[in-house]
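Chain nomenclature is as follows: A, B, C and D, assigned in order of appearance, with residue numbering initiated at 1 for each chain independently.
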């Protein structure tokens, strides 16, 4: 098991290097450091010395090759440097934002997955009946609504009109549940349609397999067939598809956090976009990739746990 | 078994709902003596040498007091009163010979601060107890402004006036932080009195008093700056004001609590006529600050702040396009709904101006020839300020006739700018345009339509409205306007580099002196200084220098009028409007009187905690009816599903009503299945 | 030549040619046996036909909004759609069918009362007009992105799958790296770097989108590479280029077309999200994303400005729904075993 | 005493986009306790659907049982509710399938799947079931039953898996075993072993066995009776020896003629020409008519009746119907002697 995990991690290294390379090409080749400095100095009339000072502070004064070396090595050891806009160490904000972001994202992920699987099982149980048709149609309807409309509409409805939770704010610890309630509900609802529909097809695929017929011939009831035999097999494609949900989760965090004033990485990134803070965007792109790769490794492990055919050696 | 788990789920759900409330603050906090304010974003810095925006100053000025402060209640004129200062500074002529051997007639200010002032308690001081404040701490803050590494925005205010400033500032490059040990020639300690320091100027500069009322000149503990480094700016401010920072959570909140080491300060005992009736002297003579705690909520979206205000979770709010109709009924009065909720409306004249600035270096719209002037005059005549006021200031505010706003010396309400007389037919404007060489908006020589580029940072819907308005108004002249929208920082960059034809801009007073406005057109202040249009008229510049040294009075007014006449004729700007500030607060917030310049007014505010708590409860009862309705619908919707399950369980393959007729079945085989 | 690219003729020719090409391909494909069967199946599917009708309707509006001429007086290009909605702007917001404005301190009468079926927005533009304007943006984003991503994905996928070894390694590495950056982050980074604008967004979306299709193409090519007919062709000395173009590519087309159709709705949706994140098309281009984005403030107004959000969200919803339904039907018709994901 | 299983006029139809497919269309047969009935026929004749219909496992919702009676120990299974039927499956009637590679759930251990079958019907407690599982595995011939219990299906070979399937089927000592092509996917040697195993177990437990197969070779060795199925109908039904000795129905003749036999060594293998038509396009009258070497005009107009020919063997052919006036003399026309291309379906099914 350990060796399997280690090998998976080893595979990730060249990809990480590739991402570091990509971010370097994107960010260093595009904007002139001079104009970055000008934009970010709060003085009204920065002198050349001030600009030089800023360039020095942010490491833009070195030759491109050195910058590249610093960039890649810095990323590999999580040294992200300072924000272009505020001069604050990026790692500080990442540390602060990771908690709230992680909370919202993981809750949305887990609740969403549970809900989608439950609904998919329900719809699959009623396959061929109008419950199935109606449910599938509902899923297509739900997945045709753009995420932003969910957030705007439901925040307005649940937060402002019905007052089910705070519209903005955040507290750490137990008190956080109150603040994440609405974002999580919205996040889950927004993803429900497409996930349910996808999982339904996975389940229906499995339902037509021979082993299901065997189970039925043994006298296993319909519910047990679905929940035990079919679901466990359908989990394999479901797990594969959850990796694809990571980018959606990140997007969800971006929007939800900003709308509900949750001080996470999402709102940090949006600020960075608005102030063209390349250093922060760079760090976040890299961090997002790491998350994705970690997700990939976790998926592989989960995969190995569910599917006995995957060999761990 | 199934039912049990179902009931358990319901119970958990119900409990969750019951525990639901939308109070965004830690339990119990909003029932204590705390003020709730809002910031539109994280401060970029709370370093008193750097902070410049109003939002940041709201916090900074509570932590860092200055030599002077503005009287809370008095207006017209604004009154500067001593805060940390022990007595009015002594102002004497100071004549010296500079290094070129020229005799310079300057000025010397002697400042004396109160004794017994202390910084807030902080581990950086011996024993963690706040150290006594001396003149050196003031001098240190001057040195910080001079330090190019600090990036102080007011450095330019001093560098050409304070003796030896430029040379001192240049040394930082070589010596780095150690240079703070060297003395700044123009700002000197009194060797005999640790509470006195002098500022030497190479020219008369009456505005220095105002600068001494800004947080830039607050005493700063050098040990704290050196210990906390970058942390000093945000996470770890160390000041001496009425409040100190107890908590800072980026993107969430800044919490200030009363500083036990603050110097005794009391609520003013006198104000303007009407203040007593308005209840503003209720707390007269009480020690400040009145609220023990101030919470700044950081809400990026204006909408969020407004929603929180409506729920009673913010004590005050601004009025903008989003909430105008809900708040204001007619003639600037509050709507019944707002009155019922106990909301109070405050309208305040602001010392500010919004304008369109032409790039005076631009080959098309810039320049000082009569034709170019006429082109700008024509455009100026085409712009209807009232439309701007209606659209962006809810119809409240004054049309601007010249650069000086109401409330500042030199503002003359009866003055009418000949090029700001809007006439819907644009007869005069069109005539001027023709004289400028563009009859009906087309170039006389080439016959091509004149195309102007309007640079802006309009990436929001409101910005789109602005662009639409400007375009619509100018295009009535027959000229075509093309909008160039970029993000605000790129836009700023373009402005600083002078890569634009015209822009819309605004200026808010730093201090209530006309110099703070007319310097926006002073040639040497050109980009990237405050003079964005790059206007440079020698005559105007000469008058400006003269005006700066004068005290308010008829002579100064005469000079200001001359300057106005020049600028009005040249039209580097189209003056649009002076904004008025509309703000709302609940009646549980007491002693509310806004101050256009001062940013430390929070310390005078008090709150009726009980009333607030009561209202918050009353307004925030969740409405569970729809939830119950949805649950009901789900149950109803589930009935058919349940019946499907039932049918499945009890289904028989044979239809009960299908009699078995074997023979019939056998002969049935014909035909039907064919083809 | 530069003048030509700026001319009305060019701007009108491009959408017309694209439409003509599309119709030509659709009509020609009917003759292919595989597609004929698919046409027959879709022809029987009433819901799919309705969805297709809706898509065509949107496309028609987009076409109307693409053809126009420059008004010599104002030097602005006005499309047919602009001409249909030739009305003077109102002052500001007004509710659907209302007679007075609503966003102002004191409501003022409308210039054209009762004619704004969906009301007007903050600058007094007709909301129906702005909603219809969004069609073109949606189709450009969907279409142009597909035009960028599909050839790229096809080329690289075919090469990687067919030649294997180094080529395959290089292509695989490229897309593995690209796909391990969560697409939204990559999009943001790309648009920050490229700048805002319709073309840039399409380019950025294209760069993030080709990966999935490339992976698919590579997999399919691998399958076909070892089939007998390819081996036979190779044995007969047919050149690699010809094998790829004449033998393998046609077999991939169904998969590619389905995947592009199904991806279309995702592209249209991403425009709205990008607008919210501040990296969408500029404010001057009419798009549903911009309208929805504006609703954040509008919903907080009182009285609530709901018609802007509702119109844009509905327009977007209907188009995406139509694409989803039609895409599914197409997939079922061409190859029931294929599945989205 | 009624027979163990008596099927009367069973009809199982499918909804398809091209109309209703009558996959099983009026099938009747019976299985006695301890005896074996084999249903034979080409692929696509409806044999497997017949078997699945008995347990009501026809793929839903497309497939449904249109009518008929399935009397099991005198009780009509079609009268049972879904839930009652569930209790019959795996307990009274067990089934093994033709695809041992896919018929076991890949994500559960063999032990789990065996134990589940036993505990499902409440006959055994968990511990008993585990012990019995080991015994059963040993009984069906697995080398190391204890280890096999812990293994996953993919770790076993096809033959082993089919043994496991048999173990699962027998775990509740069913009265009737339906074996749907149990050996098709296996090697010839393994085939023989599996068949022997089934036979042994049948004798031990006095089970009735319904054997579905297209492999006539194994029919002779295992079954007492044979039903020949074609296009959803039984065309000939009778004792194995009689049918092997003298098939009556032209289809049966063709079928048995294609069987290599010692007596016909050196001759060409006669094969059936053409394929089974799809269930939606069955000929209107005699369904075998298009392929029949004996056909005449009437065959395409009047559906043949299913009635006993001589010696109590029902045959569905005009040749044996005395009421058909224009029938030629039985056996007058010879079996097609011309060499024909091998029938692809028969080949593919093997």
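Just so it is clear, a residue touches a chain if its C-beta (ideal position, glycine included) is under 8 Å from a C-beta of that chain, and two chains touch if they have at least 3 such contacts.
Fair warning: this is a prediction, and the values are worked out from it, not measured in the lab.
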item: Furthest chain, CA centroid comparison against chain B; value: D
item: B-C or A-B - the one linked by more C-beta pairs in contact; value: A-B
item: Rounded Å distance between chain A and chain B, as computed from the means of their C-alpha atoms; value: 35
item: Chain centre separation (chain C, chain D; CA means) in Å; value: 55
item: Centre-of-Cα separation between chain C and chain B, whole angstrom; value: 41
item: Separation of mean Cα positions, chain D and chain B [Å, integer]; value: 86
item: Per-residue multi-chain contacts in chain D, two or more chains; value: 82-83
item: Residue list for chain B, restricted to those that touch at least two other chains; value: 301, 307, 487, 648
item: Chain C residues counted as touching two or more neighbouring chains; value: 278, 293, 296, 299
item: Residues of chain A that touch chain C when the two form their complex; value: 14-15, 18-19, 21-23, 26-27, 30-31, 140-141, 143-149, 152-153, 156, 198, 201, 241, 244, 246-247, 250-251, 254-255, 269-270, 273-274, 276, 278, 281-282, 284-285, 288-289, 291-293, 296
item: Chain B - residues contacting chain A, complex; value: 17, 19-27, 41-42, 44-45, 50, 52, 148-149, 151-153, 155-156, 173, 230, 234, 249-252, 297-301, 304, 307-308, 311, 487, 489-490, 492-493, 496, 527-530, 620-624, 626-627, 640-641, 644, 648
item: Chain A to chain B touching residues, read off their complex; value: 35, 38-47, 49-50, 53, 85-89, 93, 96-97, 126, 129-131, 159-171, 175, 178-179, 181, 222, 258-259, 261-264, 267-268, 271, 274-276
item: Complex contacts: residues of chain D adjacent to chain A; value: 52, 55, 57, 59-61, 82-83, 86-91, 94-95, 97, 99, 102-108, 116-117, 120-121, 152, 154, 165, 168-169
item: Chain C residues touching chain A - in the complex, by the definition given at the top; value: 173, 176-178, 180-186, 188-190, 192-193, 265, 269, 272-273, 276-279, 289, 292-293, 295-296, 299, 309, 313, 316-317, 320-321, 324-325, 328, 339-341
